[in-house]
Amino acid sequence: MRHLIFSIVTICVGFAAQAFEIEGEYRFGSDDARQEIRIISTADVEILIPLMRLFLDANPKVAIEYTSVSSGDLMTAIVDEGAQFDLALSSAMDLQIKLANDGFSAEHSSDATKLVPDWGNWRNHVFAFSQEEASIVVSPEAFEGLDIPRDRQALINVLRSHPERFEGRVATYDLALSGTGYLFATQDARTTETYWRLMEVMGSLDARLFGSSNAMIEAVSRGEMAVAYNVLGSYARARKDLDGMIEVIDPADVTSMMLRTAILLKGAEETELAQGFIDHLLLSAWGAEDVPEYPFYKWHLDTSEAAAATKPIRLGPGLLVFLDAQKRKRFLREWSAAIRQE
Amino acid sequence: MSELPPSTGSIRRRLTLQLMSGAAILATMLFFVVLNVARDLAESSQDNILFASATSILESAAVQGDEVVVDIPYGALSMLGNVSDDRVFYRVMAGPMLLTGYDNLPEIVRGRAEPSGFLTASYGGEDIRMVEVSRRLSLNGQAVDVAVAVAQTRNGQAETVAQMTRVALFSGAGFFLVAAVMAVLTAQSSIRPLNRLAGSVSRRGPKDMRPVAGPVPSEMVPLVTSLNRFMARLKTSLSRSEDFIAEAAHRVRTPLATVRTQAEVVLRRVDRDENRQSLREMIRAIDESSRAAGQLLDHAMVTFRTDHLEREHINLADLAEELVARLTPVAELKELQLVTKLDAGCEIYGDAILIQNAVRNILDNAIKYSQTDREILLEVLKGGERSILRVTDQAGGFPDALTTKLTERFARGVNSEGTVGSGLGLTIAKEVVEAHGGQLLLQNTDRGDGACVTLSFP
Amino acid sequence: MRFLLVEDNEGLATAVLDRLRMDGHVVDHAPDVSMAEEFSATADYDLILLDIMLPDGDGRDFLKSHRARKDETPVIVLTARSEVSDRVGVLDLGADDYITKPFDFSELEARCRAVLRRRGGSSSNAHRFGDLVFDALAGTLDVDGVTVALRNRELRLLEIFISTPNQIFSKAKLVDRLFSYDEDVSENAIEVYVGRLRKHLAGSNVEISTVRGLGYRMSKS
């Protein structure tokens, strides 16, 4: 629709009445739209705008209300506040699984859901619509004269041998703040024994902790940081403006693939529309045709190969383990001990 | 023809039904047995994995300092996800205190001595299967029971059961189908000897009284034995009645022949008119009674034969020719002309002896009634689909209104006074024609000088 | 003619023998099958009259062996049984004709004539009387080289006269022989046939004369 007005309304951060913190609220679609889909999402709105526009073009009488939150706040909003949303999009796979496991999601099954590979669909409640790699982002400038490491062991070796160059210039997620960071960390801990050694080395170099991938990418691009570990490669690779200033490496030993997932919330008011939007996401992600508006790289992972280095994190109850309060407490304690060298 | 006996239904159908209902019962049993086994299997495999999961969590429980801690192994929950996409709940209790997990999971009431217990319950609107295992730890010198409960929704199990139900249903239905086909075949093959026997008996000619000689299953031996015995009796009785009729004829006619011959001899010898007159009366009486006896016997034979016609293809022209040859000497005695007009292509399917007898009776009548020098016309012609045989005489014709009555047994035309038994002759003719599905028509000729008897056959 | 009568009933046989001899035929009598076979083997017959029910066998058996011997003598079966049951058997076994008991001798004669005629007859059938030649089988009368076909009653009447020439036959007796017993005819009916016969005989040396009050007689003039 040519005359479709995209109004982007940014409402001030920190809504006092609510216990969850809203990073931004946006509304897309015509003002006189009769129906509204309400999406709560952890994704930066910019990434999804083209896809949403595509959807609205096809459904002109519809508007989308997009609420951007952190993954923890998404959980709070749904579980504790009982906030009304139709869809939850999140990169925190474990939290999405928990929502579904604890009965906050609704089932959905359609031709589009059948496109999703088995490992990207849990009980027809949780649907993966992106595959995003946990990468290492380095500043080529900082590595001048050194081989750029291709796996964790190489990273450990280069950090150890040049502590002077990297002191205070290594970055990773603050697990206490970032759900994505915690997810990557727990998967690393589970799948590779080098993880703890890497944390210790980074801890010894006075690692800097960040709350988001974007912040780390920018810090690296500015040369402030030499290397950032467990950064969303998809974000880094999307920053064409930073060409040459950063290099993105998928560790050759093991690269965890995070799946951004969508769930249809129980008690959704616009169930059919929300289902339509999920199908729209899944078609773009898994359909045979390439959709230019789809912002993520379409990996074609061969999961049948047991030894493959690049593996999607499996959706399933196993993810609940690290959400266990005791488990989390213990994991964070060990991680803090390693990273802070206390 | 003969009436059908009351039927109590088909043996084959009954056999088929019985075998099929047996198969249906077996198939149903098979279905339920398979289903139960499947359900048990699905339930026990879910129980096993729940138990393994709970046990591995319990093993991670330990006392650290002055508290009980659990470090849930990743595998404890992920193993549940390996089997099915079911929702998973867990709870770890140290004594009455919740350590971690979902505290509103239902309780499993267990005896003190039992280290584990299972429960099927409803949780959050869904059916769950739950297991709880426990272990005693020592905390600050005090015993504390650590209990780990793991529960899972039963969608996967339900799906397995549904799948097994389909398998059970298909195998039950398949079993039933195979059994049904075999039931039909079995029923057919067991009824086949009966059909064969029925066929061979019903194909027989009316005079075929041979015993059934082909091999039959032992169950049918008594039936066939009785049948053979019955046929033997029937054969005896049939030949007896034929013999009886022949014997009766012989007994009656031979003395009549003797008396008649003697009367003729005497007649030639006596001269006195009164004597001659009474001799003539006597001969006439003998002729009348012998003709009546002959016709009675003919009639008996005809009645006997019309019950089972021995049909063959008969050319009516040939039949008429033969009759004319046979009767010409008699006709000539009265100087009567037997004229024929024959269509050689007229064929019917019937009992030649009976038809010949019928036509002969009519010609006999015509000859008896005709005056000297008259003509008797015998025609064989086609009338549409029907074959027609017609005798026209010049003997004065039937009196009006008596034509139908004439064919009644023993009825006689008025003009037959003094002439022997014409009524029965027509009765015989009518019965024969009707036994062949034809019609007998009595008319007077247009000129009114004679009778016209028409036999029309389909 | 020479007949063989095969009949087991003594009374009937005697009566038939009497009756046939009365017409001047020569008749042998066999009361059973074996005698019949003996007779037929030793003498030539013009015709065999065969009863069906015989004490030592069935007439049909005789018929069968008779035909098997290629004996050409015609056979007329005397049956006392039903027309229906016997007809097929006897004709199929080679009987020339059959007659049902009790039988009219006129009919028997007629059938004999018919059978013999069918068989081609024999020259011995020609009777000579005066300058007449009379063939009873062919039914012809030769007078002075001219052949006349006789009608049935004319023929039978001529036969009666020729069988015993010069004998006087009363009208009543002639009626008995020419008409069946169930026909009521006046004696004058005979005059018609005598008249017709006389016409045929005209020109020959044979004549039928009226003996007033007694009847008719045939004689050579």
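To keep things simple, chains are lettered A, B and C as they appear, and every chain counts its residues starting from 1.
We take it that a contact is a pair of C-beta atoms (placed from the backbone, for glycine too) under 8 Å apart; a residue touches a chain by one contact, two chains touch by 3 or more.
Here the structure is a predicted model, which means the values were calculated and not measured.
Taking each chain's centre as the average of its Cα atoms, which is closest to the average over all protein Cα atoms shown?
B
Which chain maximises the distance between its CA centroid and that of subunit A?
That would be chain C.
Indicate the whole-number Å distance between the mean C-alpha point of subunit B and the mean C-alpha point of subunit C.
The mean C-alpha positions of subunit B and subunit C differ by 62 Å.
Could you give the separation in Å between the centres of subunit A and subunit C, each centre being the mean of its C-alpha atoms?
Measuring from centre to centre gives 139 Å for this pair.
Can you work out the whole-Å distance between the CA centroids of subunit A and subunit B?
The separation of the two C-alpha centroids amounts to 80 Å.
Of all residues in subunit C, which touch subunit B in the complex?
9, 11-12, 15-16, 18-19, 22, 53, 78, 80-85, 87-88, 97, 100-107, 110-111, 113-114, 151-153, 170, 172-173, 176, 180-184
Inside the complex, what are the residues of subunit B that reach subunit C?
For subunit B paired with subunit C, touching residues are 242, 245-246, 249-250, 252-262, 264-265, 267-268, 271, 273, 276, 280, 283-284, 286-287, 290, 294, 297-298, 300-302, 305, 326, 328-330, 332-335, 353-354, 356-357, 360, 368, 418-420.
Which subunit A residues qualify as touching subunit B in the complex?
100-103, 122-123, 190, 314, 316-318, 320-322, 324-327, 330
If we count contacts the way the header does, which residues on subunit B are in touch with subunit A in the complex?
Per the stated touch rule, the residues are 69-78, 80-82, 85-89, 99-101, 124-126, 155.
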